[in-house]
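In what follows, a single structure is set out as structure tokens and then discussed.
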Amino acid sequence: MNRESFAAGERLVSPAYVRQGCEARRSHEHLIRLLLEKGKCPENGWDESTLELFLHELAIMDSNNFLGNCGVGEREGRVASALVARRHYRFIHGIGRSGDISAVQPKAAGSSLLNKITNSLVLDIIKLAGVHTVANCFVVPMATGMSLTLCFLTLRHKRPKAKYIIWPRIDQKSCFKSMITAGFEPVVIENVLEGDELRTDLKAVEAKVQELGPDYILCIHSTTSCFAPRVPDRLEELAVICANYGIPHIVNNAYGVQSSKCMHLIQQGARVGRIDAFVQSLDKNFMVPVGGAIIAGFNDSFIQEISKMYPGRASASPSLDVLITLLSLGSNGYKKLLKERKEMFSYLSNQIKKLSEAYNERLLHTPHNPISLAMTLKTLDEHHDKAVTQLGSMLFTRQVSGARVVPLGSVQTVSGYTFRGFMSHTNNYPCAYLNAASAIGMKMQDVDLFIKRLDKCLKAVRKEQSKESDDNYDKTEDVDIEEMALKLDNVLLDTYQDASS
Amino acid sequence: MNRESFAAGERLVSPAYVRQGCEARRSHEHLIRLLLEKGKCPENGWDESTLELFLHELAIMDSNNFLGNCGVGEREGRVASALVARRHYRFIHGIGRSGDISAVQPKAAGSSLLNKITNSLVLDIIKLAGVHTVANCFVVPMATGMSLTLCFLTLRHKRPKAKYIIWPRIDQKSCFKSMITAGFEPVVIENVLEGDELRTDLKAVEAKVQELGPDYILCIHSTTSCFAPRVPDRLEELAVICANYGIPHIVNNAYGVQSSKCMHLIQQGARVGRIDAFVQSLDKNFMVPVGGAIIAGFNDSFIQEISKMYPGRASASPSLDVLITLLSLGSNGYKKLLKERKEMFSYLSNQIKKLSEAYNERLLHTPHNPISLAMTLKTLDEHHDKAVTQLGSMLFTRQVSGARVVPLGSVQTVSGYTFRGFMSHTNNYPCAYLNAASAIGMKMQDVDLFIKRLDKCLKAVRKEQSKESDDNYDKTEDVDIEEMALKLDNVLLDTYQDASS
Amino acid sequence: MNRESFAAGERLVSPAYVRQGCEARRSHEHLIRLLLEKGKCPENGWDESTLELFLHELAIMDSNNFLGNCGVGEREGRVASALVARRHYRFIHGIGRSGDISAVQPKAAGSSLLNKITNSLVLDIIKLAGVHTVANCFVVPMATGMSLTLCFLTLRHKRPKAKYIIWPRIDQKSCFKSMITAGFEPVVIENVLEGDELRTDLKAVEAKVQELGPDYILCIHSTTSCFAPRVPDRLEELAVICANYGIPHIVNNAYGVQSSKCMHLIQQGARVGRIDAFVQSLDKNFMVPVGGAIIAGFNDSFIQEISKMYPGRASASPSLDVLITLLSLGSNGYKKLLKERKEMFSYLSNQIKKLSEAYNERLLHTPHNPISLAMTLKTLDEHHDKAVTQLGSMLFTRQVSGARVVPLGSVQTVSGYTFRGFMSHTNNYPCAYLNAASAIGMKMQDVDLFIKRLDKCLKAVRKEQSKESDDNYDKTEDVDIEEMALKLDNVLLDTYQDASS
Amino acid sequence: MNRESFAAGERLVSPAYVRQGCEARRSHEHLIRLLLEKGKCPENGWDESTLELFLHELAIMDSNNFLGNCGVGEREGRVASALVARRHYRFIHGIGRSGDISAVQPKAAGSSLLNKITNSLVLDIIKLAGVHTVANCFVVPMATGMSLTLCFLTLRHKRPKAKYIIWPRIDQKSCFKSMITAGFEPVVIENVLEGDELRTDLKAVEAKVQELGPDYILCIHSTTSCFAPRVPDRLEELAVICANYGIPHIVNNAYGVQSSKCMHLIQQGARVGRIDAFVQSLDKNFMVPVGGAIIAGFNDSFIQEISKMYPGRASASPSLDVLITLLSLGSNGYKKLLKERKEMFSYLSNQIKKLSEAYNERLLHTPHNPISLAMTLKTLDEHHDKAVTQLGSMLFTRQVSGARVVPLGSVQTVSGYTFRGFMSHTNNYPCAYLNAASAIGMKMQDVDLFIKRLDKCLKAVRKEQSKESDDNYDKTEDVDIEEMALKLDNVLLDTYQDASS
């Protein structure tokens, strides 16, 4: 409402009250102004009222929301469904232009502002999370894998001879495929076992660099966040190798923003050596839906090159999600989440330690992994070769998600490459194990339920083993839903008793 | 966003684009300003974007949405559920103050504005709909019956001797109960049969006035909108009687705003005689949820007295609904709905005429009723005494809602008063019949489906009658849902084939 | 989704996953079934997902949401605005029928269920809050005042001679007007001063009963929740008088559900004497928007009589709000709110005590009032007769809402009755004072901000007094908004510094 | 609600009503079952009620919505902001797995179903729109350009020698960049002028194929939808060349689904020759927000290869949008939009023809372009070299979006390639011109406003030309917003008078 509207309002109800209302409006506007001027995540989270006002104000700056607009182009931001328009707060034009995903759109000043501000906020958070010297970053509406591919495709133009990417092994398909998709040949460097940990084999990396010749190497593609017993790559040393040999360095920091250790590694790597870009998932670090990533780096112009490599416009949806989330949380809210995650990690670690010892197993000692933990499943595995996968299936049925059992000897072929010991990041890890992670947003209740259900499942598997009875979980496939429902009621009853006690 | 915010925006994206966005904002604001300044329903409906911006702007003027507010009272507009807050657009304080439902609240300038504007818009629409000289009105969050009660309670203070309300009979419980609830004795004036129509017995009214004495009569309580074959009361003549004897006159105009005839009657009554207030339903005239009414009148101060009679605050929900609806429709949209209703009335009338003749029945000739129609059920009734109610039940099962069958000889006691021929507005209407109405928002598809299903039901009842078979619709009560579901599938299949053909 | 849909789903994605999804659905359904079967507030609040599923399921049982419905009545639940439909979760038919606000609607099985369940839940909560022997209750979409009126109107039919209502004075307009509106003559019983407290003058009540004669008295209308230094009426003794003389007893329990003391008084009153109905606000006790009340009592049939006295249908909106709120909170959530309120009361009490002493004032000793507190403004008042109201205005400007200053000697006429010392519940309270209350939902931050701002205001008033300078707050009325905005910036800056520190 | 819940409901309200409600539920379920079983777009659009029920049912099948779930992984679908969760209907897990964007997720049966059904519906619509023999397709959350890149990257693995992409020139940056990003060298084939039209130079294409050698050519990259005077490529002939030389053929069908001509070309191309994949924008064809595309083809396994080439999970947002849209519209609704678009094309064509003749210009004769039109700006251009761009700027300021002015002689370098006559698809088009398009969703009002404003702008430019006065539009950059606002008021006033007349 403008000055005239307020004046009209004063004639309808008491001027003093309207003025106070008008004042109150100014306090919302003040927050918005600060955001636009500083481009930083506000310390205290905004309430929904300010947030929706802000989004509304931005949206009406887009031409599809102009009251008098007439569109005669092929892309006018028309929407057939009111439900769809509303869920996007009427931002329809996406972000970017044909030339550049970070470019401003003439038809959509509001969406363009949204994009700029989001990137600015995200940059602020990356600094806050530990990479203080980051120069630029942008949100891209693709998950981590495809974003890595985009980085590799950008590097191709700078390194015409390059055919290989040096890649310390991590058994996760999409980061492997990101190299294949970009058309390069991954050169897998096996990890070395140090204690329980699997760590980067630096010598092998350097040897391979010399063997292939730096010019034929597109980049080194290293990883921070990963499942124990693998631990984050030795980024500092890799960065130094990259600097020495003039090889680019791309870091897969998938869910590393939530860990000060991962972020510190990146900061240090960039300080002492070379890191060209580091890529992180939006959903895994910011508790938003799957589908976005942040590409960040220490050289402004290289990051701009990547953003210019994306051909065409893109969905604004991941940017909108992270913008809403960061403005709701404020930097204090985000810091609180980081702190709680760390505490949950200790708690989870202690609980698994206790439980594992009760079953003659142990928590693997992986001090370099700040997020993921692993507990051995030795005794289970010795008895019965299917027991480990059966445990996984039982946990799934009991609504434990994210716990991963890793049996020995799994072999998998991905895009023509064969991985022995797949899932365990090495050809022959000494034992089977189970992973659990303390990721951002985890609650104490998650840990407690997990431990309780794991305990029950382990007990059940042991009992079955001793009876040498068959696994009856595979049979469920043939069962009628109703029948199964009745059957599972006991499990569920159990589940909810757990949950409410 | 204020000037500084736009300036900051210009530094982030191109100034030219931001300025155009800023311009676009002004066009929304322009509409809002016009509304606040003129207090009239805009001709063209607003789009959702302007509407939500407006509601948002109003809401942040309420103290519960102040960013820096601290509340130490017993009523601070706190909301426990975010879902609830959102569905009310964060208007929590309701409308009115302890003294007056139209009063302004210091804590809630926005809600107060909302209330004022809504009443202003509604007044505009009442004029547009035909009552040009209406002086004042207000929305009250009670349905028609309770709103009539409030009018009677207000009159009580002006007419200390009064004990009776003169009431030309209309068989609708809540308007009868509105008098009982207010503590008065309804004096029922039976209608007279003129052709097929049931009309006001003016002589009986005047005789009763003389018999009881004007001072002992609180008011005459007349009705416009009603089911055929009853027709709107002779408002002009009643208004003249009221004027002559100095008796107040309250008109139940429940769903009369949608009919220019009903509105014209009120306008004429007020011109030639006396009408103190007329009450209309929000849901029936404005296609909003049940729960609100408009109390309107020709004397500003009497309407204010009524609004001051309501003790305490009240729900803003019906006001909000009608505000959203009128701003969405615009006066042109509302006029279009009125026009379509009239056309549907003709169409429905023709279709019933045709159908009734095919079954040796006829459409009752009720030219004074602009909304409701009746078709005789003579042949049905003659054969079998339960056939009429069975038809009603069959229509209900086939998802025909609002069609009312009126058998002969129904007797009902309401609050101690016995009505013979209940539902038919008279002791002995010549025949059983079926009602259908063309109300605002009705679609041609409604009429077509109704005629098709009524045809099928009449056919079925006839067939059964000829077989003298039992009605098997009452048995469903004992049937298991699943069984019934299977059984009714044929009916439903039928129903959807109807609907889609 | 039904069995066939799940089966089709299994063919599209893995059966095992679909089955687990299907299982998950059962757990939501389980909660819904429990609610429908037991009619009690669940202990743990539901998440939004279950809640919205439930509302959605209910809504599609209403005829306006039938896919094949055709409507030919005058009230078919049609909605013009999609925004309006959505905000009501597509419940359009309201609650009740013409005969009874608690009656079931044939056209709206879902809304009818919603109404029944809400009333059942609310009854459960009233028991939980301390009135264990309550027999029945219902939600009515009118605020407390009009609900009291409805009770009085119902009693009228049972007590034809009655003209008076005995009413221990409480200076709140709507409860006074509730009697006027119902057409009765309030007989005001002045309170007696005991220490700092104003308490019921039982002797005066009984004397008045004898003087007027029980048959001429409609009821005694007592009050629990009120502003200090008035305290809740002596309900037990009043209930005994009512029982002895055969006089009905209606209790205004406006915001008393949140206080175990108020609820205990009602429970005790009913046990030892007579209470016919007690009325409480929805918004003040359940943190929902203004506009609903609960009418409850110990005699099932009397409560039904009241519900039958409401003529016609009514808004479902307040019922929906309280249903959503209670299902979200669960009984544990509600109990937690009650507990926190109690703690905040102690905290507020201590803080006011401290502050008042710093200004040579004191906290009034009102141990019988469990919600409201009062701090004297003696020194302020002595100096300058406008200082007290100026303090109120300053607090208002600083976004302190709900703090009430009560100067001496205010005289007000309400509906023809003149009250001396208005706002203070007595003709001559010894001193001016300021009220603050600890109501449900209050946060420690509210208290801290209030104390901080009150401190500043007191300081400022003192300073002005000593300078004998003029109050410049009244001048703002003439000031241009922009100018004022600049001026108030300091106040606001202050305000937000308060809020964030 | 399950059987027990309905039974409990029957005890609360009348069984007959609950049963009817239960029946009504079945009709929603029936639609859902049909969708899951057939996988086809329903003929009639669903109402919001069914749609939201369906989405809700799917969402509760995802593990993040399980009531008893405990998550110990790194990606558990946790959401920090309730606003974000709600706007995604609580679908958080995205679509796909690390291996394949079309794969099923164990943690998210509901999202997986959503993905499958969306792809199935979209396939149905592509058939309906004219490509009857399409074999498979999938929605990818990237816009057209990046989707083309993905196709090229997939082909790379099948054609290890390939370095070139043959590309009949179209001046649109993102499709050019899609080849660069994929790491290939575009071989630009200039168009030939036939009458006013720019058409594919088939001889040049074939000559180039022979010159470079088929094995060194990754594919031919052709285009359907484009701005006049360019017209869709000669797909049939190109497809035959591809078949003859064994070269893959990728078609950029960006906004061609809306045109039966474009779709027919693809169908014919596939029938007589070779088309491997055709890519279309979601937003441009289905009126959803920017950010998604459909990759479709005639060979199921090749389309699967592409989907497996996408590394990792992806946003479900574009899929959700198109699902909501298609279910809301139904196939009939979509067909209606296609029909209206065609009619608007004729209308726009006639209006431009008339207007152009009034200014001594003419509508270019481009009968092969079914969507875009061009009007010469000869007279304008002759007079003043900046007049053409000034016209563009004036149209922009007057809220005409999508109208493109194409001056002569524009030169642009994109990724190192220089294009003369950029924007006009040829080095030297005979004259400057202005484009307008009739795209899906365009309204008659758009056309009328466009013609009116274009008329005014042309008039104004002419007048200025005759005065040889300077263009004052560039100066606005330095102007204060408020000032500019006042200035532009006349323009706006104009704009809205246009819009409302």
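Residue numbering begins at 1 within each chain, and the chains themselves are lettered A, B, C and D in the order written.
Methods note: a contact is a pair of C-beta atoms (placed from the backbone, for glycine too) under 8 Å apart; a residue touches a chain by one contact, two chains touch by 3 or more.
Values in this document were obtained by computation on a predicted structure and should not be read as measured data.
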| item | value |
| --- | --- |
| Farthest chain (mean CA position) relative to chain D | C |
| Which of C-D and A-D has more C-beta contact pairs | A-D |
| Length of the line joining the C-alpha centres of chain C and chain D, rounded to whole Å | 54 |
| Whole-Å gap between the CA centroids of chain A and chain C | 46 |
| Between chain D and chain A, distance of the C-alpha-averaged centres to the nearest whole Å | 29 |
| Junction residues of chain B, two or more chains touched | 16, 20, 22, 24, 26-27, 48, 52, 63, 66-68, 82, 106, 396, 399, 492, 496 |
| Partner chain B, residues of chain A touching it in the complex | 1-2, 4-5, 8-9, 12-14, 16-18, 20-22, 24-29, 31-33, 36-37, 39, 47-50, 52-54, 56-57, 59-63, 65-68, 82, 86, 90, 104-106, 109-110, 112-113, 116-117 |
| Residue ranges of chain A in contact with chain C within the complex | 3, 6-7, 15-16, 19-20, 22-24, 26-27, 30, 44, 82, 396-397, 399, 476-477, 481-482, 484-485, 488, 492, 496, 500 |
| List of chain C residues in touch with chain B within their complex | 48, 51-52, 63, 66-81, 83-84, 87-89, 91-95, 97-99, 106-107, 141-146, 148-150, 153, 156-157, 172-178, 180-183, 225, 254-255, 281, 283-284, 286-292, 309-318, 321, 324-325, 328-329, 333, 337, 348, 371-372, 396, 399-404, 414, 436-442, 445-447, 449-450, 453, 492, 495-496, 498-499 |
